[in-house]
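Two complexes are shown next, each including chain A; its partner changes from chain B in the first to chain C in the second.
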Partner chain A sequence: MAKIELQHVNYIYGEGTPFEVRALDDVSLCVREGTVTGIIGHTGSGKSTMVQLLNGLSRPSAGTVLLDGEDIWSRPKDMRSIRFRVGLVMQYPEYQLFEETVRADIAYGPKNMGLSAQEIEERVLEAAAFAGLDPALLDESPFDLSGGQKRRAAIAGIMAMRPEVLVLDEPAAGLDPRGRDAILRGMREYREKSGATVIIVSHSMEDMARFCDDIIVMAHSRVVMQGSCKEVFSRSDELAAVGLDIPEISSVCSRLRAQGIEVGEGIFTVEEAIRSLTDLFAEKEKSKG
Partner chain B sequence: MKAIAFGQYYPTGSILHRLDPRAKIIIALLYVICSFICKNVLGFALLLISAIALILISRIPLGTVLRSIRPVLLIMLFTMIINIFLTRGDTVLVEWRFVHIYAEGIYNAVFMMIRIFVLIIGMSMLMTYTTTPIMLTDAIERLLAPLKVLHVPVHEFAMMMTIALRFIPTLVEETEKIMAAQKARGADFTSGSLISRAKALIPILVPLFASAFRRAEELATAMECRCYHGGEGRTRMTALRYRAGDFVWLLGALLFCAFAVGCNYFGIGYTL
Partner chain C sequence: MAEPMIKTENLWYSYNDQEPGRGEMQPVLRGVDLTIERGEYVAILGHNGSGKSTFAKLLNLILEPTSGKIYIDGRDITAEAMTEQDVFDLRRKVGMVFQNPDNQLVATVVEEDVAFGPENLGIPAEEIRTRVDMALDMVGMREYARHEPHRLSGGQKQRVAIAGIIAMMPECMIFDESTAMLDPLGRREVVDTIEMLHREKGITVLTITHHMNEAARADRIVVIDDGRVLMDGTPEQVFSQPDVLLAAGLDVPQSAALVHGLRKQGIDLPGCVGSVEECIATIVRAYTSV
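Now for the complex of A and B:
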């Protein structure tokens, strides 16, 4: 079932001025409930503009945004409740930290929801665990943390609201491989424990292949492809046409096939490739022996 | 938020946009002086015609131009009323209890209105609408360059101004991002008592200041890495050069001034 749906959405910056820019052009898409959906596209393709429509931070110039089949702009006064249901982690969220302690900062969202102190404390600890934040750091000032720790603290601040839909805009940008793995695993854990729908914007095809069920490809302010990981990555020519690649391991596999080594088709992660190659190897050994 | 996006620069590529910014500053100054020198009907008619001509030449839509007048409309109205009721003269038009309205009052009010209107149109057509802030500071630096002899740090002032102007849009954008991020966490800036609204600003101001200091430090480092050491011996990427057209405009402004002075001196033009 569709958790979030965009119908013919347009978004224009600076409408009616000489600086008018069309950031979204007739965008329609559908995010299935309980899935991890990846959004890929080049810089300036409209991804970040699009995610800000999902929790009503900006209002589309035309078209509708549906959450559970209901227009989120049907009651604009009630927008706060939409924002608690659709948690958005913006790009470089570490710059939004402001409280004296990490604990207080993570509690900001739940406090705005009007929860009891006990409930808030419970959620802060839970969210910190999801984000992979050491409980000892909770009483530090957020400004004393390292870059990766700040990022995790900011993400925990959204997870603490227990949103039904968690939207992450480039959550791993500028982090080292270990940092990005920790954050993506935390995201997956949050989804498994809470059953939430996750939308994740990223540049990394590898991360997308590893974590996503569905993929939406954006280019030039439009949605150009939409489907399961397998469907999207099998259309490598079309991806290349909008300046995107398939995961590196997939192109390695297709070259191996071209060389006559029969690895399976539709391989998008290193783990799958290893499995396929070891199977192939075992078969060869058997036929020899 | 977008409304405070910096400056009113409105690119149309007209002659006014292409004038040398130094010439534009001088012309604007002369124009202001003219508007104060003019005292008679002929002078004010000329001022009004030139203001309209400036609008036409700039090719900026009339609606946009009129929007720049809206903020001072109240001041205009106020001066008009004061002038009508408080000017004493010889020709009485209305006499009712303590209210006396004289013909001179009406004339004064109209002239004052024209003067304010012309001042705003002149400044906005010559400067804000047609010149980017960076070009303006550049021109100010060049015009004030003679003061260097008196050890006035002209270059440093201009650099500070340029940096400040350069970072206004950046900080506005930053503010928007931080506001969006806190709204995503349920921040509410629009309801509640005054105190709770002021408190709601803390989650914006703290990150904003943190990022402003971070940016300042990064910029200083970047400038030092590129051996910036002040204005001495520094050349420019876009050197300002006067062209024939600039002199024509300057001459025009000077003639206007001379004419206005002449009118007053010889008593030409219809005066009351």
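Now for the complex of A and C:
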């Protein structure tokens, strides 16, 4: 079942001016309910423009954005409720922290939803846990946190609204491997516990392969591929043609195949590669003995 | 024997000195001793907050050390006698490229941006022209000389920023997470440019990164953890110790993780893991000899 659908969406910046730019060109896509869906594409391919349509932050120049089958612009006065249902974490969200304490910053969204003080407190603690934020930090000023902690606080602020769709635009950019994994695991845990749909934009093919069910590939303002991780990452030539890579492990496997080691096709995580190769070594050992 | 390009002795740094009133803060650097020879290509790894960026900023005195010594090309840059002109000379010699391309470009035309550095050095106009063309050629951006920098892609902007440093003829270049904000294509453009500067121009390169596969391309990897040097060796030596890296909040490239994972399954895999090629060769060799 489609949680979010875009039908023939166009988005034009500066329409009617000499600086007109078509950022989205007849984009149609479908995000299945309860999945983690990754959006990949080079800079300027239209990814960020696209995600800003999902909660009505921008209005398409043409075409329809459907949430649970309903056009989000059919009742523009209800846009506020759409924003609570679709939570958008923008790039470098740590620059958007503004409250005096981390607790107050995370509580800002739930407060605007008109929830009781007790409910707000519960949600703040829950969201901090999802985002991997130490509760001891809740009474600190957000400006005294490290970069990675600020990022988590900002993500917690969106999770605290318990959105049905959580959209993250490059949530791990600039973080070290440990910080990156903490955020991506928290995102997956939020999905598992809440049943929400997650959409994530990233430049790391390795991360996408590890955490996503489906992948949508954008290039030159269009959607050029969509499907499961396996389907998308098996089309390495087409990905290369639009300036993208496959995960390092997938290219290692295809190079091993070229050298006569029959590793399974469509491998895109290290764990799968280890399993496949362990079996091959065992078989060879057996056939020899 | 030539002096090392960079030599630090018992280098300490604490942000306390810079921002009084923020309470007692742990020192960020706690006695770093490191020597980098002329012409080396070194990657510096460390988790967020490990002190690696602070270390880089000390090397051309964007920050001043709390204690300890830094020698650049044999000259003690922490000495009292350093004049403003000396600092100026130092920054020409040791150029730095930062993370955000949008924060580094100052002019409205690419070639003017590249000329900004040499102009400030008081170099004659003709010479500036030659240097700007040379620098843009080197990073493959000559055809964009008359373009507006803000309309370029992230990778192109970073290459213009690199050209701006090259035009000052540095002997050493430091890249402080210069690829962190770029897409895969942009990252490849910048890493290829860095490698070219090292191999063809003999420039000493220090690159700070969170991408293990970028670090694998350097000749030497230094891991900084908790303000100290935790590991220092070839990619092979460093990526052979995945547990130490993991404990420091880092990782090994996927190809090395594959070899280590297979070893854990009890498969005998003698050989190197320092690069993708070595990992493949290690697996193929073991498989053929079963």
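Please note the rule applied: the second predicted complex is superposed on the first by the 289 of 289 C-alpha atoms of A that agree within 3 Å, B and C clash if a C-alpha of one lies under 4 Å from a C-alpha of the other, contacts with A are read in each partner's own complex, and residues count from 1 in each chain.
To be clear about the criterion, contacts are C-beta pairs under 8 Å (C-beta built on N, C-alpha and C of every residue); 3 or more make two chains touch, one makes a residue touch a chain.
Remember, it's a predicted structure, so these values are computed and weren't measured experimentally.
Visitor: For A:Leu97, using the defined touch cut-off, is the partner it touches chain B, chain C, both, or neither? Pick first, second, both or neither.
Guide: After superposition on chain A, A:Leu97 lies in contact with chain B alone.
Visitor: With both complexes superposed on chain A, which partner does A:Met205 reach: first (chain B), second (chain C), both or neither?
Guide: Only chain C; A:Met205 stays clear of chain B.
Visitor: Just to be sure I read the superposition right, which of the two partners does A:Met113 touch: chain B = first, chain C = second, or both, or neither?
Guide: first
Visitor: Figure out whether A:Gly87 sits in contact with chain B (first) or chain C (second), or with both, or with neither.
Guide: So A:Gly87 only meets chain B here.
Visitor: When the two structures are overlaid on chain A, which partner does A:Val36 contact: first (chain B), second (chain C), both, or neither?
Guide: A:Val36: touches no partner chain.
Visitor: By the touch definition at the top of the document, which applies to A:Val232: first (chain B), second (chain C), both, or neither?
Guide: Touch status of A:Val232: no partner.
Visitor: More residues of chain A are touched by which partner: chain B or chain C?
Guide: C
Visitor: Identify the partner contact of A:Leu57: answer first if only chain B is touched, second if only chain C is, both if each is, neither if none is.
Guide: First partner only.
Visitor: Could you say whether A:Leu244 touches chain B, chain C, both of them, or neither, answering first, second, both or neither?
Guide: In the superposition, A:Leu244 contacts chain C only.
Visitor: Residues on chain A in contact with chain B in one complex and with chain C in the other?
Guide: none
Visitor: Within the complex, which stretch of chain B touches chain A?
Guide: Checking each residue of chain B against chain A gives 2, 10-11, 174, 177-178, 180-188, 202-203, 206-207, 210-211.
Visitor: Note which residues of chain A are touching chain B in the complex, please.
Guide: Chain A reaches chain B through residues 14, 18, 52, 55, 57, 80, 83-84, 87-90, 93, 95-98, 108-109, 112-113, 143, 157-158, 161.
Visitor: Please give the residue numbers of chain A that touch chain C in the complex, ascending.
Guide: 42-44, 144, 146-148, 173-180, 203, 205-206, 243-245, 247-249, 251-252, 255-256, 259-261, 270-271, 273-274, 277-278, 280-281, 284-285, 288
Visitor: Which chain C residues qualify as touching chain A in the complex?
Guide: Residue list for chain C touching chain A: 22, 46-49, 99, 153-155, 177, 180-187, 210, 212-213, 249-251, 253-255, 257-258, 261-262, 265, 267, 276, 279-280, 283-284, 286-287, 290.
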